[in-house]
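Chain lettering (A, B, C and D) follows the sequence in which the chains are written, and residue indices restart at 1 in each chain.
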Amino acid sequence: MTNYVHLTIDGREITVPSDYTVMKAADSIGISVPRLCFLEGIHEQSNCRVCIVKIDGQRGLKTSCSTKVAEGMVVHTDTKEVYEAVSFNLELLAGNHKFECWKCSRENSCEFLDLLRRFNVDNDFSNAKLFDQKEIKMNDTSEAMLLDSSKCVLCGRCVSACEKQSGLGILNFSNRGSNTYIGPAQFHNLEDAGCIYCGKCIQACPTGAIREKDEIKLLERALRDTSKTIVAQVAPSVRAALGEEFGYKIGTNVEGQMFAAMKALGIHEIIDTNFTADLTILEEGTEFINRVQNGGVLPMFTSCSPGWVNYLELYYPEYIPNLSTCKSPQQMAGALIKTYYAKKLNKDPKDIYSVSIMPCVAKKAEAKRPEMGRDGYQDVDLVLTTREFARLIRHRGIPFRDLEPIRPFGDLANYTGAGVIFGASGGVMEAALRTVTEILEGKSTPVEFSEVRGLKDIKEATYTVSGIDVNVAVVHGGAAIKEFFKLMKTTDKQYHFVEFMGCTGGCINGGGQPIVSAINQEKYDVRALRSKVLYNIDQNTEFRKSHENPAVKMIYDEFLGKPNSHKSHELLHTHYNKRSFYDDKI
Amino acid sequence: MKTLEELKALRKKSYEKMYMIGVTGGVRVQVGYGTCGIAAGAKPVYDTFVNEIKALNLDNVEVTQVGCMGECAFEPIVEILESNGSKTIYCLVTDRIASEIVEEHIVKGNRIDKYLLSKTKR
Amino acid sequence: MLDRMHILICGGTECKETNSLKIRDKFNTELERLNLGKDIKTILTGCFGLCALGPHVVIYPGETLYSGVKLEDVTEIVEQHIANGKPVERLLYKGDFNRKKFRNRSELTFFARQKRIALRNCGVINPLEITEYIARQGYEALGTVLKTMTPLQVIEEVKKSGLRGRGGGGFPTGVKWEFANRQISDQKYVICNADEGDPGAFMDRAVLEGDPHSVLEAMAICGYAIGANTGYIYIRAEYPVAVERLQLAIGHAEALGLLGDNIFDSGFNFKIELRLGAGAFVCGEETALIASIEGERGMPRNKPPFPAVKGLFGKPTNVNNVETFANVPVIFLKGADWFKSIGTEKSSGTKVFALGGKIANTGLLEIPMGTTLREVIYEIGGGIPNKREFKAVQTGGPSGGCITAASLDTPIDFDNLIALGSMMGSGGMIIMDEDNCMVDVARFYLEFTVDESCGKCTPCREGTKRMLDILNRICDGQGTMEDLDVLERLGNMIKDSSLCGLGQTAPNPVLSTLKHFRKEYEAHVIDKVCPAGVCKNLTTYVVTDECIGCTKCAKNCPVGAIEGTVKGKHYIHPEQCIKCGACKTACPVNAISTKPENWEGV
Amino acid sequence: MRSKVNITEEKLSELKAAMEIHKKEPGPLMPTLHAAQKIFGCIPLPIQKIISNELDVSIARINGVVTFYGHFSVEPKGKNIVSVCLGTACYVKGSQGILDAFSHDLNVKVGDTTDDGMFTLEATRCIGACGLAPIFTVNEEVFANGSVQLVKKVVQKLKS
């Protein structure tokens, strides 16, 4: 039973459940208390002191994010004293902040900037003649991400996100007092710190202190290079979130405008990663059937999430044999672009500039793995995140909201519903089941496997396929992965097939997706809203099983032969390596 | 330790030992041995007392360490308790002064006024 | 307070058997009869330890000890001694322990004005020997508590004594124990905060080094009271001697069954472990301390939930500091009423201070609450050496403030010091004289907090740094009047909005000096002069007319910048002077000045 | 040349033994770090990594703890450690001047180690010997009533 208390906030008497914080109580009547470090459920340390309020009868000012309501409490959120204190705190933070908002990845999603605007903050402490300026620390040698202390407000949201959502703890505070900084131990480079590039820290950061490596300029240059043909692929989840960058509600499908924008930018050829998602199912499904029928290593793990692949290589290398040898859809597409598609276009692969637009930060590093190319070129030349793509569209002045939706043409832009749900947690599993069951049973099987859908951290199901009980599991997010391995090491249950994703919710919540502010993360179930977009598309596609995709059939006929053929092994499969980190020699 | 009586019996025994009840001519030398005292050189002082008293075979004299008395500026401080009830506090003691105290005060029974805390402070 | 007469009547078990209660009643009637009852208190005390000759009566002041007192002797004592000041010779104690000959210690004002409760055994017993602690009634309080009292009675007694936490905030100890007692949990903890970090404070060190068992005994009593079976002592690694002695003491107490399982056959178990701090001042804050024991960065957590509800490893935890604990056994030996009778109404008992800085008798002293600052500084402390003028006393370390000469007659207690803009803190008391620059002192303390801030919350991490930037500029001669305004506003904001006690009090040294020594700040800002001669850029040394021509300054000048003849006034060449201050130190008549002309002081 | 951390098999097994004991206690990290600091004189990343594996705490977190506390260090310290007390009692009696004198005479910044690895100069907080202020320590030895002259003497002795 819920108990209720009565309190007064800014003169308004309200009744709220007794476990509410003052902040939540204020929110409930539309009083927006400023906040910076608060990230519900993830970081509730009240260290920024921006959400302070005056409570009658209590000394000093109290943080509304952590103070629980009490019967008869009288709260003032906007007295002169509070206003002064909040402004001062913000000014203190501004004094150490490097303002280059025009080129900042958070140009229009910076929670810090919003607060500075709201309080019209002066910036007197940044006067280097009068005040010490902090040493700027840059951690930018990684291929995917960088850490820039000059924009860090030391709120600690990234630290908590890494610990709680990724279960890793790559980032932490170092030193103390005004010398405090956030980063890996000793600001060790990210690529050797055990980071899997899931980007949960980026999504948690209220500023641009931790961000993907900005590579927009590379595309700008390529677009102006007349010797290049730009072939761009775009991942399933991008269409489910890109709209947020242009003011659409969370959960809006902007597929048509997305393609139109790509075209408007001057990209020559558009292909859809959904297509190679379908292809993946054929390859991976066949691999799975082979493992089951020929006593291969089980359970088999999916391999499309590079964050997850990083996780396994770094933390559980003993399970590498369990990992499917399939490349991720991005890399399959890349390999086909520079071989099959180049031939079709009658181009030398060297003249093709292969770009991919991804909801993911780890994809940037995946594309640069040395085994992901041939003859001295990489299969994917450039990976932009959904956010970078959106910024490029904005900077170019393309009126995204007014664009006429288009359908891409070309063979490699065809996809089934199975391909598009790859973006949601459980999607790969469901797509695989749609195909595998049908092949094994030799007859038409159901389309939907709802047991593997949803946001539960670890989802399990058992399906009886041609007389065999197949135990499957779906695991998403670093913390859940850690949990699952603990479980797997203690249980007797034999799993057969496990889908892993580096991000909770899958790619729709990838580290490269549009930033959702702390307040909106409280209000909306972002993962569910974005997933729904993909499942809606799935329901409305003509074909919903990967093996029914006519383009997939065609490419096997024309080019690859059959799934797991020699050719597909050469182009669509790869191998993995055990990796260690903090590898200084003693 | 099961009962209060047991504790009290131990207390009586310890008290008598500590304050030399029934010992004639008993002397207890307390050397201030807190961080202050140690920093100011209590160790050589303590060692001197122990060694000289051992050399002189004075079995009714006990040398002991105690904590800080609070007069840090005058460390090392040595307090001499005698079974006749007299108490003497010496301050700024060095190993040389310690020898002197053993010889003059403890053996011959003459208090050395110039090293007294009460004299030094005034 | 100190001069009031007390009659202490031994109320130890054995003396009680020989009539001490009746003797007290008789004293009271006799005092009443002579109309002295108001001014003179009769107190039943713990055992004096000379039970064979009891009952004993001690009259304060003077510490006159009567032994073998019979009921019929009382009238004589009251009439002769109390009313007329003449001791009754025939009843004076005459054994080996002639109290009269004990005078040596108490002849010294330094000791005479003190009242040693927390430090009762320091400098008296050998801390390495548990038997010497026991000889002084050690572990009797624990025994009595376990054998005769319920946990709630224990808490009630502590509440009644009025004991307040000696670590800084002054929260009532009994109330704190009660909170922890009320929580229902399978596991609770007692923590002794021995992370004494205030620069210039070392009373906890003295207790731990001189009397470690008193803390162990008190922790066990606390454990019994709140229902905890495990205690941790979080101690600074900088105190190796104390660590060693505590470790030894724990071993001895376990060997005698005074710690461990089934203590005093009561079914109560209590073990104590040491945890070493690692050099972070903020770990004196209880939630930071808890984080540190758990193996985290010592960053304070938001309160509530208080440690009593959710503390170490998420379990109810009671944290007290060393001095607080050291008081506890005495309360049970002598009674809450006795304890309450010492000190002031709202701050009972005594407080240990570490007296340091420009004072003749630096050292550790324990005084009843209510003693004035003047008594402490001039009577116990012996005043300011080297003919210098008193300027300020700083209490409470980096959290406290500076108190000026005008407030020296304030009785010391928790509330009075806060009213003066300072605080008790753990008990550092630093005396400053005219040669100390108050801007520099404020800067010094701020440098300390900037160094020691954990970095978690914005106002403390960034704000104190900015205040320090400003103070550095002022000391350098680059300050403006606007800076003073920013200092004040920033200081108040940091006080209001910081997360923990460290930040909430960090601006105090600045705010209190700004308030009391504003002229000195203005001299730095407007005249670009440091009157105390500390801030090098703002100092000029000049020889005044007081000069007697002794040539000491010239001899001591390392760069030969001073010129003068014997018996003639000397002269310092400013262009050669490196402002080292050697001449000022050497001058026997204080004839070298750094003050600007017409400086009237602050 | 900075002195390098000397990590021998013997010292490593000493650390492992310490971890075996502490692992069984609640809150094992601090005691383990104290042990590591004592054994190696500092706690560099390779040692942090060993502790990380053993106690299942991330390296960044361990480093966060190591760098939080003044008592632990990541870099090796010099052969001789000179610490000047900057507690209030010492400060008002002129310990800043003593610190400056050491910094000048040893040619090293406060908190740093000389290039030859011979000296580390530190400012410490109160060591509780305020009655003898100003105080400084060289390795284990305490020097009371410090003065610039005493500094010169001590430095001369240390360097010879």
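The rule we apply is simple: a contact is a pair of C-beta atoms (placed from the backbone, for glycine too) under 8 Å apart; a residue touches a chain by one contact, two chains touch by 3 or more.
What you see is a predicted model, and the numbers here were worked out from it, not measured in a lab.
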item	value
Centre-most chain, if every chain is reduced to its averaged C-alpha atoms	D
Separation of mean Cα positions, subunit B and subunit A [Å, integer]	74
Approximate Å spacing (C-alpha centroids) for the pair subunit B, subunit D	35
Centre-of-Cα separation between subunit C and subunit A, whole angstrom	56
Intercentroid distance (Cα basis), subunit C paired with subunit B, Å	26
Multi-partner residues of subunit C (at least 2 other chains)	202, 205, 239, 280, 297, 362-363, 454
Contacts with 2+ other chains: residues of subunit B	35-36, 38, 71-74
Sites on subunit A at which at least two other chains make contact	173, 175-176
Chain-level touch network, classified as line, ring, star, complete or other	other
Full enumeration of touching chain pairs	A-C, A-D, B-C, B-D, C-D
Of all residues in subunit A, those that touch subunit D in their complex	163, 168-176, 183-186, 188, 193-194, 582, 584-586
Residues of subunit C that touch subunit B when the two form their complex	13, 49, 96-99, 101-102, 104-105, 107-108, 110, 114, 119, 121-129, 131-132, 134-140, 143-144, 147, 202, 205-207, 209-211, 239, 241-242, 256-258, 263-265, 361-366, 382
Partner subunit B, residues of subunit D touching it in the complex	127-132, 135, 142, 144
Interfacial residue positions of subunit A with respect to subunit C in the complex	45-50, 52, 60-61, 63, 66, 68, 81, 84-85, 88-89, 92-93, 95-96, 125, 130-132, 153-154, 156, 173, 175-180
Partner subunit C, residues of subunit D touching it in the complex	25-31, 33-34, 57, 64-65, 68-72, 86-93, 97, 124-131, 133, 148
